[in-house]
Structures are given as C-alpha cells and as structure tokens.
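Below, subunit A partners subunit B and then partners subunit C, in two separate complexes.
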Partner chain A sequence: MSRASRGGMSRNAGSDIKAAYLFIAPAIIGFTVFVVYPLVRSFYLALTKYNGLTDPIFVGLGNFRRLFTVDPAFWPSLRATGYLVVLYVPLSLILGLALAMFCNQRFAGVRVVRTLAYLPVVLPAIATITLWKFILDPQVGLLNAVLDRLGLPTSLWLQSPSMSMPAVVLVMLWGVGGTMIIFLAALQAVPNELYEAARVDGAGSWSVFFRITMPMISPIMLLQVILQTTAALQTFNQPKILTNGAPGFSTNVLMLSIYKNGFPNLGQIPQLGYASAQVWVLFVLIIAVIALTAKFSSLWTYSDNTPD
Partner chain B sequence: MTTLPTEAAEGTVLTAQTARSPKKPRLIGTTSWYVVALFISAVMVVPLLWMITIGLKSRTAVFDLPPKLLPHEFTWSNFVNGPEAIHFPRLLLNSTIITALSVLGGVMTAMMAGYALARLRFPGRKVWFYLFVGSMLLPGVVGLIPLFQLYKSIGWYDTWLPLIVPAFLGGNPLFIFLARQYFLAIPYSIDEAAKIDGAGHFRIFTSVMLPLTRPAWITMAILAFQASWNDFLNPLVYLYSSNKWPLSVGMASFISPFAGKTPDWSYYMATNLLYMLPPLIVFFAAQRYFIQGLGSLGSTTQK
Partner chain C sequence: MKRTFLVTTLACAGLLTATACSGSDSGGGSSDGPVTVTVMTWESAQTNAAINKALADFKDDNITVQLLDTPAGNFGDKLASLTQAKKLPDLFWCGNDTEQQYTSQGLLVDWTDKIKDGDGDFKADKFVPSAMENWKTADGQMGGLPSLMNTYGVWYNADAFTAAGVPVPKAGWTWDEMYAAAAKLAGKNGAKYGLVADQLTSLDGPFTMSMYSVSAGGAPFTDNVNHPTKAEADAKFTEGVQKLVDAIKSGSVSPPGYDAANVQSLFSAGKVPMMFGGQWLAAGFQTDKPKVKYGFAPFPQVDIPATLYDSVGICTPQYTKNQDATFKVLEYINTKVWDAVLPASPVAPPAYTPAQTSYFDALTKAQQPTVVDTVKADLAAEKTVGVRFTTQWAQQVGDLTTANYQPILSGKKPVSELPAYIDKINGLIKSAG
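Let's turn to the complex of A and B:
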C-alpha cells in the first residue's frame, strides 16, 4: 500500500482502521448473530408459550412458575444436575492433580503413562461413551465380570436408581487425563528453587505440597474449578447416551430435560418457550457459580501481586 | 509462556531415571510407582482392548455368560459387515466434509480477528476484545433454541450449514483469544520492515504472520478438529435425515434401542475402532500440539 506510507500518520491510521474492521468483520457478524441475537431472543422466548409453528404467546413468568411449582420433572432434574456436579468436579480435580503429580516424576516410562492417561480425551466422546455403556452392562459387561472375579460386589450400574449417576460420573472420569494435562503444565511452571529451599529447610512432603505446590498452582486450580463446574452443569452426551435420564429421573440432568422439552420425539409438541425458561435457569446457575468462585477465590488462591 | 509438559520432561525422563535428582524429589519408591503406573495404564487400555475383542466376537458370543475376555474364534468379517450395516463410509464422508470446513473457517477467522486485535490500532479494539472473551462464558445451550428457529426459517434446517457457517464467523472465541496472545508476542519491528517494503496488511498477514504463528494455528486446528469430530448435540438437533448425519449421531443411533431390537454390539465395536482411528492418528502425529494447546490454556492465566 504505497498510498498509506505516503500519507503520513493520519492516512496510515485510517488504513489501519479499515483493515482492522475487515479482519474482524467475520467475528463481529458472528458475535451479533450467534451471541447477541440468541441471548435476547432466548430471554424473550423464556417468557412465552411457543411450539415453533405458531407465533409465541407472551405468558410473563408463567414458565418459571410452572417449573418451580407444577412440573414433577424439574426439581429431580435440578437435583440430578447438582449431584453430578458435586460428585464429578471434586473427584476430577483430585484425581487430575494426583495423576499430574504422579506423572511429574522422573521414572522411565512416565511418558507412556502420561500418553495413556490422556488417550481417552483424544478419542471421540461418543465412541468412548458407547463403549462404557457396554462395559457397564450388568450381565455381559466387563466391569461386573472383573469385579466378580476379584470377589467384589457387582452392581446393576446404569439400571440401578442409586448407582446410575455414580456410573455416569465414572464414565466422565475416564477422561480425567484432560484435567491432568493442565495441572501438569501448572506443576512444571513452579520454580524448582522453591522446592530446593524447602528441602534445605527440612520440609516434609506434606508441607511442601500444602505450602508450595498448592499455593503456586492455585490460579490454575481456580480456573479449573470454574471451567469444570460450568462444563459439568452442561453435561449432555453421557446421560443422553448411557441412560436417557433413566431409571426414573435419576440421571435426567437439566440439559437432557431441556433437550426433551425443546426437541421431543415425533408426534409430541415442542415446548420451546418452556425449554428456554429452563435454559435461563441453567444460565443463571452458571453465572452464579462463576461469580461465587471468583468472589471467594482470594481466600484460597495465591497471587504474587499485592492486592489493592 | 511457561514450560510445557513434554519439553521439560521428555529429555530428562528417559536418561536420568536412576540418578536421584535434586530438582524433583521422589514422593514414592520405585516399586510402588510402577505398581500404580501399571494400574493406571490398565484402566486406560483394558477397555479399549476389550472393545477390540468384542469387535472380533461373533454376534452371539457377545452374550455368552459369563462373559469371556477373548473370542473363541475371530470373526474378522465384523470389520467389513459392521461398517456396512452402520453405513460407515457415508458417515465418515459427512464427518470429514463438516470437520474440514469448520476447521478451516474457525482457524482462519480467529487468526484474522486475533491479528487485528493484537497488531492494528482502531477505535473499539479493547471493547471487541472483551466482548469476544466474555462470550466464552456464554453456555452454548443458550443459542440452541433461537438458532434452531432461525435456521428453520431460512431453510438451513437439515443441512450442514448450521454446523459449518458459524465457524466461518469467528465461531470459537477461545481461538480468537489464543490467536491474539500469539500475535502479541511477535516483535513489531517485523511489521515495520514489511511496511517499508510496501506490504499491505493482507500481505503482512498472509506471508509474514501466518508462517510465524504456525504453532498457534496448528494447535487451533487440532482443537477445532476435535470439537467438530466429537460434536453430538448440534448435529442431533439440526440434522434430521440419516444420510446427512456425521459419525457421532450415526454411531449413537445404531446402538440406541428401538423397536425392541437388541443392538448388534460386535458390529458396533468393530466400527467403533474405525471411528476412533482418525483422531488417534492426528493425536500421534501432532502430540506436541495437543499438549501445547491445553498447556497454553493454563499458562495464559499464569503470568
């Protein structure tokens, strides 16, 4: 662009602006169509009765009233979602960190273990979930066969109202390698001098862990808590394929309930307004988790910037 | 950038296995480490090996009681008949087209946006950056119903467009964020030099920036590949005709019980192995970038 260089500062800035908007135009259009529009539209739909064919009918907070007071499936779906989060997130963080610390040591073959632990994350989610559906089969599945041979109690797993959710979480935990790899990056960023100094001072393994490792990786821990919780709140694939919400409502998480209301089987009327109201309940839950975690993060995360 | 897992560990791990390192104290003894390592490896590998044995069993042997770990006779034909019954070639072609286009679109538009946000001065630069980053927090499900109706009204329902077009419109804000971070790290003297040589922004972007940011867009391409190849909810909602389905929906529908028919597990597992192969190949070919991509997520918050 010879003209830009000839035109001095202001001309140059002008061409920058034009170029910049050309470069981000796709992202801006995308932001408008796929973020702003759905956000506004979905909020409006949450306040309507809408079957997708005729015009939406405004019902105010009617959908929310029905959710919280009438619908027999809503509270169980909220409970199932909460149970999943409470079971999955701590286990995923603890196992992920333990695995990362295990793989952060110097042993021949540690790379193989690390690769194998990460392998399930690489495989298509649907492929692994369906595989586990068969592993968890009470009669012909691998898990009960192994437990039986070891003399351990077997279970109906996905067919048992009490074990179905733990089984779903077990399948999710097979992908704990994803959490591991992020903790591993965090662990390897901890300066070795800190460990050496602690060693010189005669600190034991536990105090090294709680006074050096944990504070140093706490920002990553915070990020992980937020990401994992918001992802767990939106779990869909596992319950959809493994149980479709059964038995009873034991695994009928919020996302599955939204899907069933909004996109029901042929012959049933879609309740898009009602499903949108559920979406907003989920959305508010997610915002609340992020806000609360961020608010209380200063209590347990370490930062080397002095707070203002 | 912080140290990435592979680079730090790879060289040292294999050579210095016996020397007690002053850097990283061992938490447990060698024997117990290997016992745990064996257990972890078994948990990860045994389900996959079992999948292969199911794929090799005959249709009825799958239901033998008690279940046997190894097949009596190897039914290799499952690897031909299974994919045929599931229409695997068709699904594979669909998945390949959808994934290739959404990887291309996602990486391209994120790189462009990242370039503008990092290296060009324009009013609204900060605002757009925060808006894009903020939209990462928006759960995807919020868009599901309004976009479903939108696609329906413009005739995109039951086409691949809802799975592809969003990628070409900056679909993944995480990519925009990553691209910007990479672009910020490149010295500005390079642009200056290119500008003096008479290169415009398009030239600088394509022939100077793209080669310099290769690790960034390879990482993004891998993440985009995984996201699209694994996507289940979107094609489930937006595609009705089974001949347009990608692998995720096609595979899942084969084993969903309907009309009281028990799914054919040996066919399924044989095909499942084929379904896993493309991501596996990508993983082993570009392992470094997989780890880097996730590591960069961690390191961005750790300054």
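Let's turn to the complex of A and C:
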C-alpha cells in the first residue's frame, strides 16, 4: 500500500469521524440541555430555598434536614410509596404473566382476547382513572352497588385509610396489558422443542412451568421487575386523580408529595427548592432499588452464556 | 436505569422549565397617552361574558380595558406561570392568601394610600371592615382590594328534615341540635351520613372548630390567620373536638378523607341531607334546580353566634405600567360591574357595601330568602374566625393537621393528643418568625 493511499485513508477516516460527531451532535446537545443541565440545576436548587418568584437562597442541606427530621408528610409518603411498590409490582407481574400464558394458548378468538386485554393501555389514562373514581364511590359507585346486590360486604374504598391504597393499586392493574404483551413476546420466543422434550420425559404442567418456562423468560422477568418497580416508584396519575393523597397520607406517594410542594394549590407559594430535594431523594431511591435488584438477579435469572 | 435517569431528569426539567422563564418588568407609576388595562378572572365563561359586557361601558378615552380569556379550571396554573414569567395582567382575581403571600414577596402594588384617600365613595370605610382588615399585611400594606365576600353556613334538605320529624335549622340552633339531627338523618333515603362537613374534617377543620370555642366563650384556634403569634386548643375547643369525634364515630357525620368533590350533586339528589358550605352554592342551585326543597342556615352556636368568612379580591402586580389607570378600572369593577353581573349569577355579596344591594335583590327575586337571611347574619356577625392560615408556611400546617389532627377526629389518636399537635404548630409559628 502506497504512502499516498494511506494518507487518503487517513483523510477519509478524519472526515468520517467528523461526520460521526455531526450525527451524534443533536443527541449530545439534547442530552446536555435536557438531562445534564436540569440534573445539575436541580441539585443546586435542592440546596436552596427557592419559590420561583424570587432568587434562590442557599441553605446547604437544610431542605434534606427538614425532609428527614421535620416534615410530617415525608416518612408517611415513603411508607405509602413502599406499600404501593410491594402491592403493585408482584400483582402486576403475576397477573401479566397469567394473562400472557392464557393469551399464548391456541383457541378461537385468541386475537380478540389479546386485543381486549391490551385495550386499557391505549385508552386515555385520565379518562379511565376518572371512571374508576366513579365506580369506587362508596355511596353511589357501581362496585358497592354490585357487592351490595350480591349480599357481600361493601367498603369505603378510596375514602378508607386501609383500603385506599389497595383500591389505587386495583386501578393501576387495569393497565396490566402492557406487562402482558412483553411476557407474551417472551413466551413465544421459548423454543418449542424444550416443551416437546419435557412432555416426552413425562413432565407435568407445573414442572414444565417452573423448569422450562420460568428459566427461559427469567431475563425478561428481570426487565419487568425493574420497569415495574421504577414505574411504581414514580406513580402519580392514579393517586392524584383518585385521592390526591388522602385519606390522611395513606396514598400520598412521593411523586405526589413532590408535585404538591412544587406546584401547590392556588394561593400558596411554591417550594421548588424543597421539591427538588425530594426529587433527588426519589432519584437515589430508584437507583438503589434497581442496583439491588440487578445485584441479586443472578440468583434467579437463567443466562445461556456458558462457553462452548 | 436509563429510563429512570431520563424520567427523573425530565421531572427536574419540568420543575426547572417552570422557573426558567423570565420576562421584562417595568416600573410602576403612570404614563401619558392611551393605555390598555388587562384583567384576568377565574369566573366561568358565562360570568366572564357578563363582566366583559359591563366593562364595555367603562368610559375613559385614554383607557382600554381588555378581559383576558382564561379557562376557569386552570386559573391556578395560569397564575403561577404568569407570576414566574413576570407577565401578570394589571388586575387579576386573587384570594386573601395569594394577596398576603405575594405582597410579602414585594410582588404587588400597595393600594393603601389610594383607598384611604379615594375619590367620592370609593374609600376604605365603604368596604366590609373585617375584609379590609384581613387584606392588610403585618406591615399595613394592601396588595389588592377585597371584591367579594365568602360567607358560610349549613345547607339543609328541608324535605329530609320533615320526613325525619326534625325541625329545620334556623339562626340560634345549637351544635348539639345539629349533631342530634345528623344522627336521625343518617342512613335514611340513600343518605349515608346525616351531615357532611368537609370544613370540619379537612385541613381547614381546626379553624372551623374555632367557631365552637369562640361561641362558647373560649379562644379561637389561632389569634390571627394572616400573622399569627400562637395556636391554641383550650377547654372549649377540646370539648368541640370531642363532640365531633363522637359524631364521626357514631357514623352520623362524614369522617376525614370523605371525598366532598360531588357533595353538591349528592345534596341536589337528596343523598346528603345536611352539609357545610358557602353561599356561592346558591347560584349553582338556582341553575341546577335541585329536586329537594332546601335552605341555608347560619352555623350552629353554643352561647353566642359565631361564624367564619373570608373574601376574594383583585390584585395588581408591582410592575404594572399604569397604576392610575389600573386603579380607575379597579374602582369601576367594584362599584359598577357587580351590579351588572350579580343579578344573573348571585355568587357572593360584594365587599364594597354599596354594591351589595344588587346581590340581595337577585337572591330575593330568585326566592332564596334563607340565603339572604343567613348571608346578612354572617356579614353582621360580631364573632368571626378565619378559614385558614394565609402564611407562606400554611401548607406545612396542613401536613401537621393531616398527621395529627385528622387521626384524632378518626379516633385513631385520643383527643388528649391535641396539645402535642398545637405544640408543633406553635413551633412552626416560632421558627417562621
């Protein structure tokens, strides 16, 4: 290869690199403007007393001190968030997987069933949540009317301190079709030969499920655990519309608490610095939960990475 | 992880975007030549149309009045964004709490001198005295003027009372009579509770309970809602709380957490026989025409009448360009516009007393005599208490109430825990200076 041709390659490589930078520039700029800058700025604001009307006043760790030691809403909000995660994540995974397994069968009308199961996901969330609020009304709601007609005990649902969170989770599970569709894709990717071999060996349904299906879809299960946990930690729409955090702090999850402080009712001054501190607590919490999930995932996920 | 990162940063971005806007501000004072004064309300499209029509009659060659089109339901969001962008209109509807807080931040024009030495009848002494007092900040400023009064009382379904053989509420009735009536009305004709009193059990509950203690000769929950020096729960207040706790426990009064969003509809449908509420519901009932015969009574008392009320008003940003022109329009709204608007929609009595006639005439014409009597009694009441703190830390008091006061009402904590709750609020008052 001649020197001239090597020089030509070098020039081409240089221009390729420039083109590459040009192509990724929008993403880099977008990431900087919409991710890095807000992160840095929100961390700064978390260290200030800031209402959006006047200049921020630096208070150091004052907002975090208030959050952990003074604010009567913080620990109950954290408890409510934890309760929601513990209740919602397993139920959504179990229900999503059960629905996916049902929809993975071959029977007449399976496409219709799949569509119906997924339909709530594409409906406007605000409209469906508002409808659920009517359904769960303890005095004139449909659910209590049906329970009463059947002679079953009724409940205050969203107005009961003990039943409000389960009721919120019930409404969240209305959108379990999203979980189902991912599980369905995972189930359809499991090689059929494995099932055939198991049947030849005389394995029963439970044995097939726990020894073939679960290991084969475990990477997807890990993904779902992370996605659902992250989503649950950031739940906002349902408690905001259904209860606005009541009764007491029973459904006042962290995202709602952040919103209330950052964007309070008419007549109240925003606490944007304090809300930023709460955002950072939630951010750290999410990272910690995901890190823990990832760390212990090797104990229960199957990976086909063994060397040949 | 990436999704978490993205979502969290987007949340941060949302918080920041709301604060990143900035606008040009301008000095106060007046300017020569034709000027436009902008007005923003939280009223319905129908009421705004009536206001606009009335504003069209404002005659001043140098002043044009422009009513901004604002969706009533999003007024709070709109106000917040315009405040942060420093683009507030010259006149905007505001609550007492907004006026107090914005004034303390130096955001509003102080009208104290203008209204003190106003033209003709448009002077401070023509307004409801307590409203004027409430609109003064601790250092005597007035960042706006009260425009409409909010009075409160008990709405009752007269048919339900008659069916239950209970006399309908009237001025001078007692708290014990109210709870006894609630007990007889609960669980009848589709009504779960005999009394829905959100104002007693919500975050404003302790302030509403002040009526009991003040009526019994005791102390109110706080000495001043605008610039408090202390909170208090004396023996009379505690007695009132105990009676409420017992009524909630018996199932005759709705508990904390009751969703009162639809209570007006339920009342109209006959499923709520008695509820606490403001006089403004009269305008809605006039349109909706409930199926039941209803009335509006003053709050019950122990010994002497006591009530709670507040007022809404109109504020002007400190950076408004034409303060003189703005004040002329403000005067016109208070003295003339209500006369044109209230006959069609009698929502509230004006704080400017000469303009109250049109409100009461409209209610009388609509055959709502109990509303007329109760509102007049409320406005004339000697013992009044504020509805809530208007301070910057009011939201923190709300959290303390959720954590400490509401569990007492629900029976989860004993009434003996009241002093601990009061101590926490006093700690907040002290730390806020």
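Definition applied: the second predicted complex is superposed on the first by the 294 of 308 C-alpha atoms of A that agree within 3 Å, B and C clash if a C-alpha of one lies under 4 Å from a C-alpha of the other, contacts with A are read in each partner's own complex, and residues count from 1 in each chain.
Here is the rule we use: a residue touches a chain if its C-beta (ideal position, glycine included) is under 8 Å from a C-beta of that chain, and two chains touch if they have at least 3 such contacts.
In this text, all values refer to a predicted model and were calculated from it rather than measured experimentally.
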Touched partner set for A:S92, first subunit B, second subunit C, both or neither: neither
Partner chain in contact with A:I269 - subunit B first, subunit C second, else both or neither: second
Contacts of A:V113 with subunit B and subunit C, given as first, second, both or neither: first
Partner chain(s) touched by A:T130 [first = subunit B, second = subunit C, both, neither]: first
First, second, both or neither for A:V35, with subunit B first and subunit C second: both
First (subunit B), second (subunit C), both or neither touched by A:N63: neither
Subunit B versus subunit C as contact partner of A:P138, first or second or both or neither: second
Touching partner for A:D71 - first (subunit B), second (subunit C), both, neither: second
More subunit A residues in contact - subunit B or subunit C: B
Touched partner set for A:I286, first subunit B, second subunit C, both or neither: both
Common ground on subunit A, meaning residues reached by subunit C in one complex and by subunit B in the other: 34-35, 38-39, 41-42, 45, 52, 139-140, 230, 234, 255, 258, 262-263, 272, 275-276, 279, 282-283, 286-287, 290
Subunit C-facing residues of subunit A, complex: 34-35, 38-39, 41-42, 45, 50-54, 71-73, 76, 137-140, 156, 158-161, 164, 226-227, 230, 234, 243, 246-250, 252, 255, 258, 260-272, 275-276, 279, 282-283, 286-287, 290
List of subunit A residues in touch with subunit B within their complex: 1-2, 4-5, 13, 15-17, 19-21, 23-24, 26-31, 33-35, 37-39, 41-42, 45, 52, 99, 101-102, 104-120, 122-127, 130-135, 139-142, 145, 148, 174, 177-178, 181-182, 184-186, 188-189, 192, 195-196, 199, 205, 208, 219-220, 223, 230, 233-234, 236-237, 240-241, 255, 258-259, 262-263, 272, 275-276, 279, 282-283, 286-287, 290
Subunit A partner contacts - residues on subunit B that touch it in the complex: 2-5, 8-10, 12-14, 16-17, 21-27, 30, 33-34, 36-37, 40-41, 43-48, 50-51, 54, 62-67, 69, 109-110, 112-113, 115-117, 120-123, 125, 128, 131-132, 135, 137-150, 152, 166, 168-171, 176, 195-196, 198-202, 205, 226, 229-230, 232-233, 237, 247-248, 251-252, 255-256, 265, 268-269, 272, 275-276, 279-280, 283, 287, 290-291, 294-295, 297-299, 301-302
Sites on subunit C touched by subunit A in the complex: 1, 3-13, 15-16, 18-19, 75-77, 79-80, 83-84, 94-98, 101-102, 105, 107, 190, 192, 255-259, 262, 266, 271, 390, 392, 394-396, 399-400, 402-404, 406-407, 410, 412, 424
